[in-house]
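Each structure below is given as structure tokens.
One chain, subunit A, appears in both complexes that follow, with subunit B as partner in the first and subunit C in the second.
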Partner chain A sequence: MNDTIQVNKLNAFIDQLTKTDLPFSKDIIAISDATIASNDFPTTRTEAWKYTRVGKISSIHGNDSELIIDKISDSHIIDANALTFVFENGELIQQFSNKEIPKGLDIKSISQASETELALIGKNVKLEKEVFNSLNTSYATDGIFVKIDDKIQLEQTIQIIHIVTGENTISNMRNLIQIGRFSEAKIIFGYFSSEATSSFTNVVTEIFVSENAKLTADKIQYESAGNFHVSTEQVAQEKNSNFSINTITLNGTLVRNNLNIEIDGSNCETHLNGVYLLKENQHVDNHTIVDHKAPHCESHELYKGVIDDKATAVFNGKVFVRKDSQKINAFQSNANVLLSDDASVNSKPELEIYADDVKCSHGSTTGQLNEEAVFYLRARGISKKSARHLMVSAFIEDVISKIKNEEVTNFTHSIIKEQFGWEF
Partner chain B sequence: MGYTENELAKDLENQEYKFGFVTDIESDKAPNGLNEDIIRFISAKKNEPEWLLDHRLKAFATWKTMTEPSWAHVHYTKPNMQEICFYSAPKQTKKYESWDDVDPEMKETMKKLGISMEEQKRLTGVAVDFVMDSVSVATSFKSKLNELGIIFCSFSEAVQEHPELVRKHMGTVVPTSDNYYAALNSAVFTDGSFCYIPKGVRCPMELSTYFRINEGGTGQFERTLVVADEGSYVSYLEGCTAPQRDENQLHAAVVELIALENAEIKYSTVQNWYPGNKEGIGGIFNFVTKRGICERNAKISWTQVETGSAVTWKYPSCILKGDNSVGEFYSVAVTNNYQQADTGTKMIHLGKNTKSTIISKGISAGKSQNSYRGLVQIHKNATNARNFSQCDSLLMSDECGAHTFPYIECKNSSAKIEHEATTSKIGEDQIFYCQQRGIHIEKAISLIVNGYCKEVLNQLPMEFAVEAQKLLEISLEGSVG
Partner chain C sequence: MIKISNLHASINGKEILKGLNLEVKAGEIHAIMGPNGAGKSTLASVLAGREEYEITEGSVDFDGQDLLELSTEDRAREGLFLAFQYPIEIPGVSNINFLRTSLNEIRDYKGEEQISAKDFLAKVKEKSALVELDSKLASRSVNEGFSGGEKKRNEIFQMAMLEPKLAILDETDSGLDIDALRIVANGVNKLKSDKNATIVITHYQRLLDYIIPDFVHVLYDGRIVKSGTKELALELEEKGYDWIKAEVEAH
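Up next is the complex of A and B:
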């Protein structure tokens, strides 16, 4: 029996935060407040956090420091031609953000949106028992509001950049993205840091893809070591829609991604791709849920990771096929390469299937670089280091090549080169 | 703890008097419920040594601090421990007065399995004279085993005759605190099997509980311990393809396998407990803890065909402790109607160059739920560890479910782990192909299912495999329409 008195760290944690003044529905706030009041930070006893310890996040004490960004460096801009919106510590920085908004598109800071416009906030995001989602809901600072009208083919990519600065900063960024019927859009999320240590970024992005719409999202996480990041993307797809997301995690001490996709209509297509490259003491945890609630859909998931030094990677992919969701093709694959003896991987690809006329499969592999292949390259005069780099890049290029936006691909390649020295 | 066996006996005497129990049979049954006295009673009844009673009491103390696990993907009403009778002496009960009383459905099933008339009577517990054949076979088996120094007997016999072996190995693989049901079993187990293969001996025959002498009702809390000494080999069969009915709802067995250096144990199970009726009422809860430990160069292979039980909760595991040890798991789990199964394996790689293979085939039909839950764990020192897992599910109705929950944990960079799983249904083109060649749809399905399970069925000893094949056919009868 455990006789020690449990100190609720969450109570202490929220003391340093300010309640949100965003016009969210009162019911939603009530639910998230209740969750915060009756729970603590998850421990490894909670199945969804079995491999990830968040103790260090709970000890971040928060600060009121001023925003410091006075100029935006190129290293924080992924696509120079995109419609760009820059946030620092969860607040929109007007001077670096685009002011000219194309027709058919409503894009602004979420604090400028009305209560009716924010009606969808919290519709699908799970708040019960979900401490981080609730924290974000009750203490949200700001975020982006994107609404694309029906039948709009948006040429320009939308780019949302979040930069965390300062020491012990806590930013709760909340985004709402709605793509109208028969519309098409591309969006980039970039999470960076600048002169930040022990900061904690907690993002919740709610995405609604309407009938016959198409959305492509690229998410790059490149906060420097020493910072913590938890993010949730909650996606809802209506019938005949198409959604793809590429999650690229390149740095950060602790990164946890929750990617939840609910497919509510038939004939949808969903693609989830992910790359995680870890070294030193990093910990990256990717949790994905693809919930097939309607028949005749297809989902493809591919996550690949390279883990070096003492880093730990976690992958948990869930595919649900609900009763009567017939003719589903769902594929899930996770591959890991371990480069060091101290590196570790925990992979848990899950399938839960309640319909019979489906084709579902998943696969998971963990291994190391093939020494014979390295030998082959070395026999041809390529140094051991280059040979290994070549093989690692080939391994992850498989996923990176799925990124459609060339700017994003180039940016990713350049960071990988800077961070790991691997060339493509 | 001033309560002695004598006092207990006295109490019981008084109790008997109080309730006016006079018959000997009744005194062989413990009152319902679970407490220390019941455990002392069981231990006293079985004339167990002090250390074993201590072991039981310790397990009971641990069990009291534990709660029933709820993480498995199954739903059922938790059994009330205070309503269960934990001890009733093994009796040669007549379940049926005459052959005519036996459930015709059951007779039909056995006929289909091709079980001889004599055997059928023995299995259903009809009062018959001993089947000469089986006794003589058993006796000749026993003398042959004795010659080789193989010990194969009931657990209680082993406690009396080979206490040093039992004491040395019992609880080393499945400790009393392992899990809720293992702790319960350790506290109240009534009987089971014990098997010891001496150094360098290759057991010449398949050891089967079926032929074990002194077999009585092993009860709901069965305990099996198989020890294969250095360089030995044994193939052990558990269970029986014939349907087994039992009045006990809860079955919590513990199986421990110990394979010392260079030894090999092959453990095959066919489980066909009563699954409940078509509406999902009744049926047995099968909560089993099975685990084996491999020393250097040893090998443990689990093969199971699971078709029965209302709720199954079972993960035969291998701890690959020694270098170069090998663990294998082959499983076919069939669920129909309202059955629920959450089964799989754990492969814990500790030694260098350890290898494990997992082949799991799930078939769900009716309204059943079938889950594979597995753990592959590669520890830091398990250099060059290798795992291959394949978990396939076959869905045969639109109301059933098939789930896969694999946990893959790797802490060594030289390890190679592969996991793959597929879920699908029998293709209409496959059935069409068979039907076009004049094969009836039911036969076609059984053909396809058997092909699908081939990899696992091939691992079973011959006679078992033939029966298991028929069993699959029967379990799935009428599930496709």
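Up next is the complex of A and C:
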């Protein structure tokens, strides 16, 4: 009976959303609309979503939640010295956002940007068959617009905080970040929740790193259990540029990160680091793509996860080295520790190499804590619990130590202590 | 200090210790020697609380406490120390952080205050000098990339830091060159007092030229079959273990 009736959940889902009034190009909107009209939410039959079920997202039916944040707590500010912009449910909250903008930097909400300024929106993000990217494009509420001129060394870190509040709230946040030639900047993305349940945050961030520019991004995800988060960072690197991103996922019922990096010019450096710590019934899925389209570049990827209780993690990392991209050094590694018998991980590192003079490696390990080492520590008077904490902390510190911003490191440590009781 | 009575222990259903008796008093050094497979390392493992071993019979009294009832960490906190035959490498956990955690958990157990950073560092400096351990090794990951000799010196360094009542050295001499052996033995001798005791488990007499035992025991087939003074070790070195086996089998 059922197989004759095709219920499209996506159609029902968009009924509750308002079409974007942001000045995106009509072509881009048209492609997104077409994708939404001819597809449904992905199922586990879709290769890229094989281990991640989004059924709970598709059944969120909300209303326009009222914005409720009247003060900003320290627990939502990662770097107190940063140039900060706070969003709630995809809307910029002016009163918590900086007004004094340093020279050489244009930073504002996307809704304040002109059509010309938003010309790059949708340029690199895949929209065909990509339901979440298309939803974000056609129904975007707001987001941050960052444009750094050429030859600017931005001392102050830029901090973009998104807080989801309320029940069944759906936020489609769209960001555009452009770093000019020979410029250097650091940016923090913090995704939090406050009194939120069954809410869904869908973020697309497009990043353009120009020739000789350097951008470091730290992304912390700490939405409370019961909330859902899908985000895509679409990064394009021009020649001689340097891009690093540290993705730290510490909570949330379902988190899916798509990190796509296209390296279009030669002599680039790319670093992707990730930590995901899961417990209870959480699910975290990191999909990364590093596409080496030009020669003489190097990319380093290190993702580590600790999975407890019945939580499940997914790591899928693809590295492409195109035909004429010689002299590429690409390294990728994923390591997982399972703390319980019911925890699981699906790890799939993939290399596709079409050039013949490259140095690439990838590896994936999943195991339990070394019980011999736990015994050794206990034989020195350390409790079983502390022994495990020491070892888990050491395991992930390897990645956390790659974060250069001390404020971000301290913040990460304090959340890990609060959430898991692990000390560093 | 410790009184082991009629101790029986098995692993995977196979009995290894078959009624072992041993008493060690404060201020004493006991050597346990024996051929391979006699149960020497099993004894060390059972005393340290390795859970794979099943105790089927017997008792161990450690300073008035039933040792077998205590968890591994509580045994350490009560003052039992095992110098491992094969010290394990723990990547990412620094020796310093590990030892501070260890000292503080032991202090916490005893209801004492945490050690101050200053006192801790002073202690690290003093005790690492005792075993001629480069202070750089103290800040590296536990045993990671250490040579065999450095690992064993690190064991004695930890022993010096924790100041146990009873130290069990499990084949600490194996694989050591003569210089490392002297350093390790020297460390053990300096830590000796009339309040603590040491059990030296070894296959070879050589170590006992440097750590002079008050008693030497021969462990064979899960029991102590012969006890004597340090001369027994020399006799074993000269004649091997076959005569012991013959003696036991004749009984």
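By our rule, the second predicted complex is superposed on the first by the 420 of 424 C-alpha atoms of A that agree within 3 Å, B and C clash if a C-alpha of one lies under 4 Å from a C-alpha of the other, contacts with A are read in each partner's own complex, and residues count from 1 in each chain.
To be clear about the criterion, a residue touches a chain if its C-beta (ideal position, glycine included) is under 8 Å from a C-beta of that chain, and two chains touch if they have at least 3 such contacts.
Being a predicted model, the structure only gives us computed values, none of them experimental.
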{"item": "Superposed partners subunit B and subunit C on subunit A - clash or fit", "value": "fit"}
{"item": "Of subunit B and subunit C, the chain that contacts the larger number of subunit A residues", "value": "B"}
{"item": "Subunit B versus subunit C as contact partner of A:Met391, first or second or both or neither", "value": "second"}
{"item": "Touching partner for A:Leu377 - first (subunit B), second (subunit C), both, neither", "value": "second"}
{"item": "Contacts of A:Ile101 with subunit B and subunit C, given as first, second, both or neither", "value": "neither"}
{"item": "Nearest-approach distance, in Å, of subunit C Cα atoms to those of subunit B in the combined model", "value": "15"}
{"item": "Residues of subunit A at both interfaces, subunit B in one complex, subunit C in the other", "value": "none"}
{"item": "In the complex, subunit B residues that touch subunit A", "value": "65, 71, 73, 378, 380, 393, 395-425"}
{"item": "Complex interface listing, subunit A residues touching subunit B", "value": "1, 47, 323-324, 326, 336, 338-341, 343-368"}
{"item": "Interface residues, subunit A side, partner subunit C - complex", "value": "370, 372-373, 375-384, 386, 390-391, 393-395, 397-398"}
{"item": "Residue ranges of subunit C in contact with subunit A within the complex", "value": "48-50, 71-73, 75-77, 81-82, 84, 87-88, 90-93, 97-99, 101-103, 105-106, 109, 141-142, 158, 162"}
